[in-house]
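In the part that follows, the structures are each spelled out as structure tokens.
You will see chain A twice below: alongside chain B first, and alongside chain C after that.
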Partner chain A sequence: MNFTLKIWRQENSKAKGRFKTYKIENISPDCSFLEMLDILNEKLIHDKIELPVDPVAFDHDCREGICGMCSLYINGHPHGPEQGTTVCQVHMRKFQDGDTIVIEPWRAKAFPIIKDLMVDRSAFDKIIQEGGYISASTGGVPDANSILVSKEYADMAMDAAACIGCGACVAACKNASAMLFVAAKVSQFALLPQGHPEAKRRVQAMVSKMDELGFGSCTNTYACEAECPKNISVEHIARMNREFLKSKLTHAEKKRIGGFG
Partner chain B sequence: MTQLNAKIPQGSLQEKWTNYKANQKLVNPANKRKFEIIVVGTGLAGASAASALGELGFNVKVFCIQDSPRRAHSISAQGGINAAKNYPNDGDSIWRLFYDTIKGGDFRSREANVYRLAEVSNNIIDQCVAQGVPFARDYAGYLDNRSFGGAQVSRTFYARGQTGQQLLLGAYGALSKEIKRGSVKMYTRHEMLDLVIVDGIARGIITRDTITGKIERFAAHAVIIATGGYGNVYFLSTNALNCNASAIWNCYKKGAFFANPAFVQIHPTCIPVHGDYQSKLTLMSESLRNDGRIWVPKKKEDVEAIRSKKLRAVDIPENDRDYFLERRYPAFGNLVPRDVASRAAKERCDAGYGIGPTGLAVYLDFSESIRRLGRDVIESRYGNLFQMYEKIVDENPYENPMMIFPAVHYTMGGLWVDYELQSTVPGLFVAGEANFSDHGANRLGASALMQGLADGYFILPYTLQNYLADQIGVQKFETDLPEFELAEKETIEKLQRLLAIQGKYSVATLHKKLGKIMWENVGMARDEARLKQAIEAIRSLKQEFWKEVYVPGSLTGVNDELLKANRLADYLELAELIAHDALLRNESCGCHFRVEYQSEDGEALRNDEEYKYVSCWEYQGEGVEPQLHKEPLEYEFVELKSRNYKV
Partner chain C sequence: MTSLSKKVFVSLAGLFLITFLLLHLSINLFILPITPNHEETFRQAVHFMTTSPLIKVMEVVLFAAFIIHIFFAVTLQIENWIARPRGYKVWQKSRTDSPFSKLAIYTGIFVLIFLIIHFMNFYFVKQGWVSPPEGAYEVADKHDFYNMALNLFNNPVYCVLYIVLIIVLGFHLHHAFQAGFQSLGLNHPIYTPIIKILGWIYSILVPLGFISIPLYFLIS
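And then the complex of A and B:
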């Protein structure tokens, strides 16, 4: 198969970027999208078509759809055309021979571009650091089977926990909101008894960090769910909103009681 | 010459770890604050070690290559994690997990280490549940188990097909908690390129910031390496693309012994290779062998008909199918250990019964389980794996059996460590897949996750204190010591040399060549002639590399090709050591199968008289043959037997 690739090239975070066009030929339909980019880079290196030689920089690692490294915006869709799939698992047979393919990085204020198609997603780590965990120090915990979790809830928690933290939800959202990412974590722990003691603190701290880091607000367009490679549902956003409201209510109550004391 | 002392504690197997803990030295809380520890790697081993040490009050610096610690290779582990909980009441115990692991490793691991691993396995499950890891549950809310190869009990805990992801996110959560508390400082996108030794003791590392290209120095009282395995020497493997051997290899070159490099596991159930542009191989989890049956046609004409697409698998009647694992190993059937299953598949393909376009594949068939349990049940157990298979192969595995073939997956070899997980360099500790400790010549499924978390949560927090207790009073290190300066200079010089070659081949071109040499000669079946050939071929490829590699760009800024070239330079040296180790081990054990040493029916022939030892290699300098040291393996508590999975 033959393709025309329009790829975003940007020297570094400060430089101005632009699209560059590359032709690529004889690609097997069984080739993955990232393997196609590997072939392009090999061509840039071997044929020295452009000088200085500068292969296209993109993030990737597992190439199995689980690490969340890969992050390409293809023809207007995070991770490309296939639903519920990371770009590393998209194969070229999903395209038509002769297609022009536009490849860009994630675009969001909170994810500055590093080079070409690589972005800085450390904002996600910062949100998790605010409380995206259960503070169980090592050792001194009860036997695993002393905490019962119904299959239904365990399954729902697993649905939320399947998030790979790739940032497609942010890239898909016109407001660059991180609601789906944050909600998936809050929801996982809201669904498990182990998560309850810290629930209020967790949701408040994570939401306020998200706002502080420059992610936009959620206006319920659900583009995030549609583009999520792990099919994380917006139901989790609803659950997080309930958790948030609950935390505010009980928090206010505590203050009032404090005032009486 | 360095003397090997494994420092196994006194007492019966059951008493050793208890005795160790009772007699070890501790560091009091006020002193803990004065210590700096470097942890390299944020996989299960590194993330768990860093968080547990942070909780204790040490100052920890932790490094990883990816943009977030959550993306370490452990994330892609699928099938599960073992523990001796015996929740299903099917006869499991710490002893049985220990014994299965020793036997699975073909009696080439240390009894004391493996017993301790089995002992702490249950704590791991407790810890992970407390962290909110959503393990699979039954309808009453209790934890569910499945079976893995090499065991006759169900002891594997799992979170759908994403167990590694969930365990790693648990450890990442604990790490994030400590980062927030300020006890741990995280350095992402930092690749360790060298170890710094001061007065014979590990005191720091040299890294490259993969974004800015800056070379940096970091100092500490102790260094923990948890950088994973070296399977990518073979180019194609199930490992993530950033997995590399550079950290452990440079520790080796600074004096840490490398143990059992030839013990490389080839996993039976991977999606077959389909093109030379391929960048990696995809694993289909071992858990599939719970419900899938492996077969090839009995008749050559059926094989031909399938290859030429005149027949499909479903057209072959039951009687004309050869379920070769069930036939050869009735007691364990499809659940024999990985090395046994891989070799059996290779044997059938070599005999001309392989299917698929290349003849290098066998079937993994779920039709019987789907009939027995229903498609829903199979889907709930393995849905994401079936989906992954369909995406790659473009065939529906619910209707046609999967095609699978063995691929490089895991490395049992690694840096040599004693019972305390300390290498031969004082102050240098090694955890997870990077060390050689627990799996002998073959690792059982679902035991790597167990080992990584055991090392990090429950072993290093003890043994490291025993070491540091003697370091109280040693002031914080500065990085302006001449040793740091020299290590930094050497690192920069190596990178500059790579940039200066300006040859005609890309790194990938040369790496593929190395992969081919290794897969064909140092893979599933090895023999003297081919190993010798491989060593020659690796040497000349190394020369070609240093003459003909082309690395664009410069030292500064993002430069993936430079990173890859540096890793390949290390692989080329490690590859030779792997082949050399394989050549000297004149026996077949676990995954190390020497064609010359097999029984009449093709089973591995171990030689306990002469080879019941860990081979530990000591670096002697560029171009000089490394020195072999042997750590004898004593079996005090189990009887040495030849492995039998037939009855």
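And then the complex of A and C:
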């Protein structure tokens, strides 16, 4: 298969950046999207199509849809045209021979571009550091049914925990809002007993951090849910709103000196 | 203040305004000859709305709701624009994307324009800041909303403008209804679909009710 690629090239976070067009030929339909980019990079390096030699930078790691590193905005969709799939799991047979494919990085103030298609998503780590953890010691693997959690709640928490933190929700949202990500993290803890001790502190801390880092807010267009490779539902956003309201009405953080918070 | 708190204020104020609009419509409909002494009923309702001390208090609440709703919605919107300084070259519609929600800020601006026109025509007249208009129907005093309305609706240009702006209001309401509940954290496997349906019904029937009045004057 042959494709025309329009790829965002940007030297570093300060540079201006622009689209460059590349033609790529003889791609197998069974080739994955990232493999296709690997082939392009090999050509860029080996055939020295343009000088100085500068392969396209893009994030990837597991290439099996579980790590959340891959992050390409393809033809107007985060992770490409397929529903519920990360870009590393997209194959070229999903495109038509001769297609023009536009590849852009995630665009958000909170995700500055490092180079080309690679963005800095450490903002997500900072949100997690604010409260995406539990302090209760849970020991080793508990015996079955020693902690009573109903199947229904376990399933809902598991659905929320499926979030791989790739940032597609931010990329898809017209407001570059991280609500779906933060909601998934708040939800997975709010639904299980182990998450309860810090529940009230957690939601306020994570939401404030999200605002502080420059993510937008939710205007309920729900593009995030549609584009999420793990199909995280916006009902988690409602749960976070609920948790937040509950926490705001019943909990105030004591000021610590020199501590965290 | 966090973005979530602002959203709670926007939605609480918005849901209050949604309720108020129903009351407003139910009075307005008496401009139409729906009962033999509809004119009398309308005047009585207006009299009550302009003199009752309870309504005086509610009026303050209403203005507060407008100001809170607009102020926080605009602040949030500005923050949202800042959150993505550079847009995409190609942007495709997502499966669940709601155009009504995407356009909410713009439909909101039109609703605000409508509100200003509306105030100039009625509220400011009532307050005595604008003198009662002259027209085919003699306006008895600044509380004579019935004749003021007739004067306005006898102008076809005004009628068309009114209809267009009410349709835009319908778009805004369509977004508002379900989003208002979601922002308060109310999402439920059974009630949310019902709320969505109610949102459809509300955002169609209420604008239709308002539109029926100028339509009646345009036709007759």
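As a working rule, the second predicted complex is superposed on the first by the 242 of 261 C-alpha atoms of A that agree within 3 Å, B and C clash if a C-alpha of one lies under 4 Å from a C-alpha of the other, contacts with A are read in each partner's own complex, and residues count from 1 in each chain.
Going forward, a contact is a pair of C-beta atoms (placed from the backbone, for glycine too) under 8 Å apart; a residue touches a chain by one contact, two chains touch by 3 or more.
In this text the structure is predicted, and so the values were computed from the model without any measurement.
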Clash-or-fit label for the pair chain B, chain C on chain A: fit
Partner chain in contact with A:208 - chain B first, chain C second, else both or neither: second
Touched partner set for A:242, first chain B, second chain C, both or neither: second
Partner chain in contact with A:83 - chain B first, chain C second, else both or neither: second
First (chain B), second (chain C), both or neither touched by A:167: neither
Which superposed partner A:63 touches (first chain B, second chain C, both, neither): first
Angle, in degrees and to the nearest 10, that opens at chain A between the C-alpha centres of chain B and chain C: 160
A:218 touches, of chain B and chain C: first, second, both or neither? second
Superposition-derived comparison: chain B or chain C, residues of chain A touched: B
First (chain B), second (chain C), both or neither touched by A:229: neither
First, second, both or neither for A:108, with chain B first and chain C second: second
Least Cα gap, in Å, left between chain B and chain C after the two complexes are fitted on chain A: 20
Residues of chain A contacting chain B in one complex and chain C in the other: none
Complex contact set, residues of chain A against chain B: 12, 28, 30-32, 34-35, 38-39, 42, 45-46, 52-55, 57, 59-69, 85, 89, 91, 93, 114-115, 118, 120-122, 124-125, 128-130, 132-139, 141-145, 147-151, 154, 157-158, 161-162, 164-165, 188-189, 192, 194-195
Contact footprint of chain C on chain A as seen in their complex: 6, 19, 73, 75-77, 83, 102, 104, 107-110, 172, 174-177, 204, 207-208, 210-211, 214-223, 225-227, 234-235, 237-245, 248
Chain A contact footprint on chain C (complex, rising order): 2-8, 76, 79-80, 82-92, 94-98, 101-102, 104, 175, 178-179, 182-187, 192
Chain B - residues contacting chain A, complex: 48, 51-52, 55, 66-71, 73, 75-76, 85, 87, 123, 125-132, 134-143, 159-160, 162, 165-166, 169, 172-174, 176-177, 179-180, 186, 188, 211, 240-242, 274-275, 277-280, 282, 388, 391-392, 394, 457-458, 461, 504-506, 508-509, 550, 552-553, 557-558, 560-561
